[in-house]
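First, the structure itself, so that you have it in front of you.
Residue numbering begins at 1 within each chain, and the chains themselves are lettered A, B, C, D and E in the order written.
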């Protein structure tokens, strides 16, 4: 059995369904992999630790990967778990904000991801506003709390599969604007990264195969999969995760090995345009398709 | 206003399990000075603290001025402010202000007139003791309890300050611990020697004549020999 | 081994700008006891500290035992451990152990034989001073500097401990500050009176006879009157 | 008995606050609701508390040791003082997110990196207080030691150090009180576990009552550690009278 | 002059560490690289430093004030001690993420909530040290005051408080050293400015050198505040001899 260490992007949640199910159902074992999943508390650390050789793979986000690549971190994307944006702009349904344009002069909360200004800026511009028309407030992880307690009028960085459910559980309803529908190019939300110099294609192939098999199974048996998943870790079996599970399963990438290069070049241009990176790094330096 | 007598009735003085005095009864006449003599460790300080109401379960007979064995000057206050500490602690600004001239005068009398603004740590041991004496006298109380008040002073300064104390404390009820029999004989209307464990007070020794007495008086010298003799056998 | 003489040559003693002594030259004969007298605040302690090498820019003439005006007992050590502090600080466990019997014997002699394991805060003022004396004597040094070593003791204890000190310090170079002229006359081979600001030492006064002298000796009583007279005029 | 009354009183105060300020449960849940979660999730909470408790104790032990050692070094050697003291002061300004990858690199994902981070937070009050205490020895004692030809080492260990024990006790009390937050900060490093992790996770996922149940357990742990440290600290300085209780 | 040598020596040590441990720049950038960023982005850094500096100073001022007031209250009143002391101890165990929403609710997203959070971290060493100091007054002084019929209030303010100033100074030193992290923690509460925010953001963007440049500035601020506090703290206790420098 080959030992494999994977750093998650954050605490275990339904976004990690494929990894967890593959582990629970022995799909990694079948490929000869002994996978250890490590959940950190700091989403910034995993890519760096993989770059420094402290783990084999890390989960991260496409925009983050592209910014890190531009900063020269030796990382490559080898796979994908969620091949579409989850990020969205959310307001309370019963608030005065009915359209993006209504945010003029209001407060929008965010949790630092490094690219919130870029995404929000593009969305506002799609409605004829600019970043100067709103006040950005860092609310950290308290996105829904800030929204529900009316401390902010909207939040960016809300995941469509989580924060809406969270609102609903607290008897509030959200109005949502999907980033890819409002001026932001589509991107892969959750990707798998490895270190450029040491990436092992053979092993990665086995990993992706196991993930593909797991995704296929859990899409076919969502209820049974939930029963299994919810027993994986501490405190997964709660209402929010149960609701999020339903919304997440359809979003999981059926083909974790898939790579849409155009998406990366488009989004790199977007990042350059928004001033987040000076120059788009060559695609081949941080993308590797492994089939 | 006449100064009250002090009396101790069937008192027990116990410190952390060590019995210093048992069933002690003792009178200190009002308006007069009583000097306590006794071997080191016999319990003089403990008795004084009992009178001052500083031991658990005791209360002073009235407002007292207490001069402890240590000088207890506050290092952050000037000599002058240390001397009028009582007024600072009790009073409004007016009282403190009013105490100024009195404190200054006392400091001049104890020879510290040029050190009003000095901090205590720039004083010699004897100067500190004199400041503490001035502080005690500045309190102007009817009951004054003093624990070895002149112990760090040279013979001449001591003589002068004995005179000063006798003058300023005339008519008050004073209990003074001392190790110097001659000092007791100079200043005490009454002298009591404490001896034994637990201690018992000896009979009242009352030299004749007004205080401060002349130390060259043959009666006093004779009494001194007697006191030393009693200290020796008692201890 | 004979104890060294101590000499001060053209010394300046200045404390925080206050000139205590200027161009001071002074000899303390080896193997003998010199008693220092002087008015309070004249500079006796400062001179002793100068001799002990405790003032900036000074160094002791050799290993000294120094007994300060305060007892400086360490509150966390038992009386016994306080007395053998020097050995604890210098030595290995063996030296400290060896000092045990000596320290015990000294404590018995100063009357603290039953308080070996007591902590200092359970002692009376005089008992603390006796512990400090025992600590100084336990050091067994050829040069011994003592600042008012008997100030907190009653007349009888003081007399006994003067004898003890005279016996144990025979043949050593001792400089002792005292406020009691009679004590100086009992114990001192030489007596010097310091007076003035900055102070100057008076002429050597050397009473006849071996120490400890009999205080009833008429020669001593006559000298006592002279000393007090000099203190008065000098101060 | 009295502490219990105090505890109940404080809980009542909390309930009242929620009620008077009309705080929604996702901002501050009332203790009644937290109590329910506390009961329901006791197994989970206990498990996480064991982690955090271990981190706290190890962090405190390490912090006290390291703090005492450094303070003594600083008091003993001008060289150490000169080079390491600025580092120690500056170390307090470093947020965990900046050094987390470094710690993981050196100590791995396990408990070691968490304890190291916790100790970094905890050790400072100890160094600072003890070093302060070591610099304020009664000069009379130092002079006495000098006439006794004591080596600087002996003076330090036998006079300055015991004399500084009240200051050490003071620092240890502060250290014990910040130990819980030290442990929570430590939990940001490496893999997720412990009450801090549970809190972050539940807050991010809208389970505020669970987060506050975890916080409650953390506070209990903290109080227990503080009381224990306070007791021990008093024993350390039996010769010093303490007023007021 | 000497501090400069120390600073250069420590920077050399950092460079050496990076070099010897072969640390990649995205984990710990070498000072040479940080220096370049420091120069290039000085305007940005200065602007953020002004924010954080203001939070630090306000937090420290508030912390010292509040800490001193609480310590005096605890020393004065058994009631306060009983009800508020456990709260104060427990307050140290509360991670910012748990109270951030509450603080924001009450104080908004402006500077007030950040300063409040910073003060919460900073005030504890002050309360704890000063309260400790207030409980350790020389019993002789208290007895003297008793014979002088001093009111408890006068004893507290004129004897116990001045006698406890060295302890206060000790606490103030610790408070000054933790002020930077207090400010950074405060910035967790709704900040979109400040060195802590800049650090978080640059770390998220993989701009580790910029994060460390911000950290460097933060450390400088922290050192400056510490040195200033240390100086003032010494002035506070002119009658107490300090050894060793």
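Operating definition for what follows: a residue touches a chain if its C-beta (ideal position, glycine included) is under 8 Å from a C-beta of that chain, and two chains touch if they have at least 3 such contacts.
As the structure is a computational prediction, the values presented were derived from the model and not from experiment.
Trainee: Quick one: how many steps at least from chain A to chain C, stepping chain to touching chain?
Mentor: Counted as steps through touching chains, the separation is 2.
Trainee: Quick one: which chains contact chain B and chain C both?
Mentor: none
Trainee: Could you name all chains that are in contact with chain A and with chain D at the same time?
Mentor: Chains that touch both chain A and chain D, as defined above, are E.
Trainee: Quick one: name the chains whose C-beta contact count is the highest of any pair.
Mentor: After counting contacts between each pair of chains, the winner is D-E.
Trainee: Return the distance between the CA-based centres of chain C and chain E, expressed in whole Å.
Mentor: Chain centres of chain C and chain E, defined by C-alpha means, are spaced 50 Å apart.
Trainee: Return the distance between the CA-based centres of chain A and chain E, expressed in whole Å.
Mentor: 37
Trainee: I'd like the Å distance between the centres of chain D and chain E, where a centre is the mean of that chain's Cα atoms.
Mentor: A distance of 15 Å separates the two centres.
Trainee: Mind pulling the residue numbers of chain A that touch at least two other chains?
Mentor: 44, 48, 52, 141-142, 145, 149
Trainee: I need the residues of chain C touching at least two other chains; which ones are they?
Mentor: In chain C, residues 70 touch at least two other chains, as defined above.
Trainee: Which positions in chain D are in touch with at least two other chains?
Mentor: 26-27, 97, 101, 105, 196, 200, 203, 240
Trainee: Mind giving me all the chain pairs that touch?
Mentor: Applying the touch rule to all chain pairs gives A-D, A-E, B-C, B-E, C-D, D-E.
Trainee: Could you pull out which chain E residues touch chain A in their complex?
Mentor: By the definition above, chain E touches chain A via 24, 26-27, 97, 100-101, 104-105, 108-109, 188, 190-192, 197, 200-201, 203-208.
Trainee: Would you pull the chain A residues touching chain D in the complex into a rising list?
Mentor: Against chain D, chain A makes touches at 11, 13, 38-42, 44-45, 48-49, 52, 54, 141-142, 144-145, 148-149, 162, 166, 169-170, 234-235, 238, 240-241.
Trainee: Give every residue of chain C touching chain B within the complex, in rising order.
Mentor: 15-16, 18, 37-41, 45, 69-70, 111, 122-127, 129-130, 148, 151-158, 179-181, 227-228, 231-232, 235
Trainee: Of all residues in chain D, which touch chain C in the complex?
Mentor: For chain D paired with chain C, touching residues are 138, 140-141, 143-151, 154-155, 158-159, 162-163, 165, 239-240.
Trainee: Where on chain D is chain E touching in the complex?
Mentor: Residues 2-3, 6-7, 9-10, 23, 26-28, 75, 78, 81-83, 86-87, 89-90, 92-95, 97-98, 101-102, 105, 124-125, 128-129, 132-137, 139, 142, 166-167, 169-170, 173-174, 177-178, 180-181, 184-185, 196, 199-200, 203, 211-212, 215, 218-219, 221-223, 226, 240-245 of chain D touch chain E in their complex.
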